[in-house]
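Before anything else, here is the set of structures, which you'll find just below.
Next come two complexes built around chain A: one with chain B, the other with chain C.
Presenting the complex of A and B:
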């Protein structure tokens, strides 16, 4: 019993150990502390993609959009109304859920593919809404002067808070995945008919799971806003979403630690990439190469069998009983 | 009333090119069960090349580049979404990767400036509604292309093979139809149509590097209005999207004018136009 509990805590413990080892080396460098906080924020967003895509099979093209809902929620209540960032936290967790659930419920009645397109639509509409939000969202200028968190006033404490949140989300995520709900979600992903026959109400289950993943993105947005103390229309755009998706896919969207590994790798490598406009070419090419070589990501691929040239488990897992679903 | 008539006419003419983008969306969905998110990027790439090169050589190069890009996507998607190992979402992710690549490529090579050409200085007059002759050319080109595709799909052995692959890929493969080749051809055909649409867009509304995803959305929205399972209906859907855009621009303020057509597509999506795919849990 204790062994299984420890197994459930392993991903979070791994993160805590790695951060504990790294921290003494970066405590004296504001540059690396700042990047560490950003890695933690992007890890949360990538975990949100991992939940939606890796577990439920719903490709969300809007993790940054949900994060921006959380970020603007806390920015507005703290700067416009002078309320506590903790109230902002509640809103950052709840509002993305409130937005995602009905959207998913309306669209994932049966197929996750249209929901992917709907998230793309949502991303575009939200970007427009933020730009046209006038004084409320700061319009094209954005909202500045967002207060730092009173319980994490400097970079060191933000670094600790960020990774504590990542560990907390990981513990909850691992528990959820290993619960009856998590098993039902995986069954629904691979064979909705089978899940329905097992008594699972697939559309509502997927919608709830999608809403939870949106909430994790909202949490990342909350941290983002209070870390950077500024939110503008270009802060969390669809290009950030693309980067987040890439992080999850590179690391392994269906694994617990893969999105975090992807977030760390991509955030750090971005520091050494050329101008921003050419980064899309690199990200796009990397995404394609990863999908072709190891579609389950670095941590999701069985490298021993991969290099031995045997049939990969990933391929077996992806085989479905019939093809040509579009012809129904 | 005159204003409304003007918006309807302009919208319908604008939607003609969306109809051209909707055709490959439907065709690909029917044939492979997937969506090519990079369609808009092919169109913008074609527009950018046509804008830079110009003339008949520009047309050939523009459409050729779009076909080349779609060939790459076809090859990638064949690897990701092959018969026997189908994952529609992972194939969409692959096309998303190429769309991102192309958008960045266009931004790097051609810059951020809007690309538009106005080849006509004089306009046609329809009851005081001034219409550019380019819109007439767009309409004629689209009608010719869609008619040819209709004949190819309905009257030729290739069209029959394509429809057979869509209805029952396993059965089609057992009957000697090269299903994988048909799937690949569908991707390339999508690039060809998007390339033509891109050239027409350059001469009518114009484009810039950031319009790739929005063009995909317009093509996708056009395709779902009357049902994803009929490529020809997608053309009619394009007219509707064009009209919604024109009416939004005419009657709604600022940002709403851009957001309203997106919300309209979302409403259509939520009506379940694409859900047939998994109605049997993927066991088709």
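Presenting the complex of A and C:
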């Protein structure tokens, strides 16, 4: 098919173009640069949810937990052992996978709900382990003095690095989605027996896919730690996980750009909300509105058919696997 | 080069769905299984593909006992199937549904797919080209970008056949593929089955339409209440009194 390569690069390209357009306006403002880096970090985490939930149908309540594994891995090796953040990066990519794979392998044969609960437990256990980790994890005090990245020493370069990583992850994610593996994962999400009849070993495939999504969260955690230079037990908690899931669902978990849009939206409205207490209220309200009006998320909804009379009501139950991520 | 089913018994709780069923399917041959609803035809398919666990008996594919192989490995071993009630994601396009069938032919690693290495891209292109061929063969090309939910059931079954063909199986098990097809579509399907057989694929066919069977199959196995009633060529079966009684009922005479 002609131009298919360009089509595959479309989501990443649109992110790069949007960021290139926005960048000149925020280069001089540390406040907006800082927020831009945060949006990039949360985008990565939300993409992790998009992979696990939007594609494989695994609703993990632990994206922030996997991110915190990545974040603490790099924090510990850089602050305690003085190693390079690049070694931290490798650990941040690998450790979440090592944790996620056996977990998914053990529980993907169960129905989705027990899996969600298992990820919830993982999240709680990790938070506990971080608190009780003593000097190793910094305990209640946390780890401070995490070095900034020598190849991205200031906010401008962090901004560029963050969005480059988002674009890179998007390219890989799009590639995988448009491969035999991506199709098999979507089949397995819908009907494991059907996938088996295609010759797919469903538990191992879903576990690999879940592990990859955890790795993306780990990458986000790595960036997070080196951006904030501090990691504590309250940094990436379950509260954050739920916020990330909201980002993915609001934007459209099964689309490529939806999670990023959701991350930008929620991070930005947080800036204008008066107090932390109202956040939950607003987030809840937004979630309810989205689930009522467009359960597939903003980018997962075909707005043309939506406004031209809702003929196909049953369609809301299933999500069209994103190609182009509504960028078209 | 055969599938040999030897004395396979499948029980669901206290119900014996299939009792001492035996059959031999040669590559390049078309074998039909007939029987009223509930006679164990689909259970036989499930037993061969590993989706139902036989209580007794054995299944041998190309001289290899596959009783302990899980379903997905049997498919990878070259035994493709369709389902009597088609299982498909209604939101998926016809093209993508057929592309799903190529999974077992995948040779690139996950990493290569992530990076879309030249190898992975070439493989994807091979799959898409072959998919175009299969869609052409089954006259499905014009529906390629339609969603499965928009198709009539007969055509959904054709897509299921296409998906199984994409598997490049050594044996293909088709569970009532012609149900709900128009006459010309049936002709096309039987043409496709014959071509599969000519290419050396063993075709096991569950079908109610005896005219189609007479046209296609060299050998017919009749099941009744989970047991083998009789087997033989379509002609001898069609004349058999017991077969007429079970299958057409006494009014069918």
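Basically, the second predicted complex is superposed on the first by the 310 of 328 C-alpha atoms of A that agree within 3 Å, B and C clash if a C-alpha of one lies under 4 Å from a C-alpha of the other, contacts with A are read in each partner's own complex, and residues count from 1 in each chain.
The criterion applied here is as follows: contacts are C-beta pairs under 8 Å (C-beta built on N, C-alpha and C of every residue); 3 or more make two chains touch, one makes a residue touch a chain.
Everything numeric in this text was worked out from a predicted model, so none of it was measured.
*Asks:* Check the contacts made with chain A and report whether chain B or chain C touches more of its residues.
*Replies:* B
*Asks:* Looking at A:295 after the superposition, I want to know if it touches chain B, chain C, both of them or none. Which is it: first, second, both, neither?
*Replies:* A:295: touches chain B, not chain C.
*Asks:* First (chain B), second (chain C), both or neither: which does A:57 touch?
*Replies:* First partner only.
*Asks:* Just checking: does A:176 make contact with chain B only, chain C only, both, or neither of them? Give me first, second, both or neither.
*Replies:* It touches chain C, and chain B stays clear.
*Asks:* Report for A:194: first if it touches chain B alone, second if chain C alone, otherwise both or neither.
*Replies:* both
*Asks:* Is A:106 touching anything from chain B or chain C once the two structures are fitted on A? First, second, both or neither.
*Replies:* first
*Asks:* Starting from the residues of chain A touching chain B, keep only those that also touch chain C in the other complex, and list them.
*Replies:* Comparing the two interfaces on chain A, one with chain B and one with chain C, the shared residues are 191, 193-194, 196, 315, 318-321.
*Asks:* Which residues of chain A touch chain C in their complex?
*Replies:* 1, 5, 8, 172, 175-176, 178-184, 186-187, 190-191, 193-202, 208, 212, 314-315, 318-321
*Asks:* Quick one: in the complex, what on chain C touches chain A?
*Replies:* Residue list for chain C touching chain A: 49, 51, 70-73, 75-76, 80-81, 83, 87-92, 96, 99-104, 106, 108, 110, 113-116, 120-121, 123-124, 127-128, 149, 163, 167.
*Asks:* Of all residues in chain A, which touch chain B in the complex?
*Replies:* Per the touch definition, chain A meets chain B at residues 53, 57-59, 61, 106-107, 109-114, 116-118, 120-122, 124-125, 128-129, 131-132, 191-194, 196, 238, 242, 245, 249, 277-281, 283-285, 287-288, 291-292, 295, 315, 318-328.
*Asks:* Using the touch rule from the top, collect the residues of chain B that touch chain A in their complex.
*Replies:* Of all residues in chain B, those touching chain A are 29-35, 37, 76, 79-80, 83-90, 92-94, 96-105, 107-108, 165-170, 213-214, 217, 220, 228-229, 254-256, 258-259, 262-263, 265-266, 269-270, 272-284.
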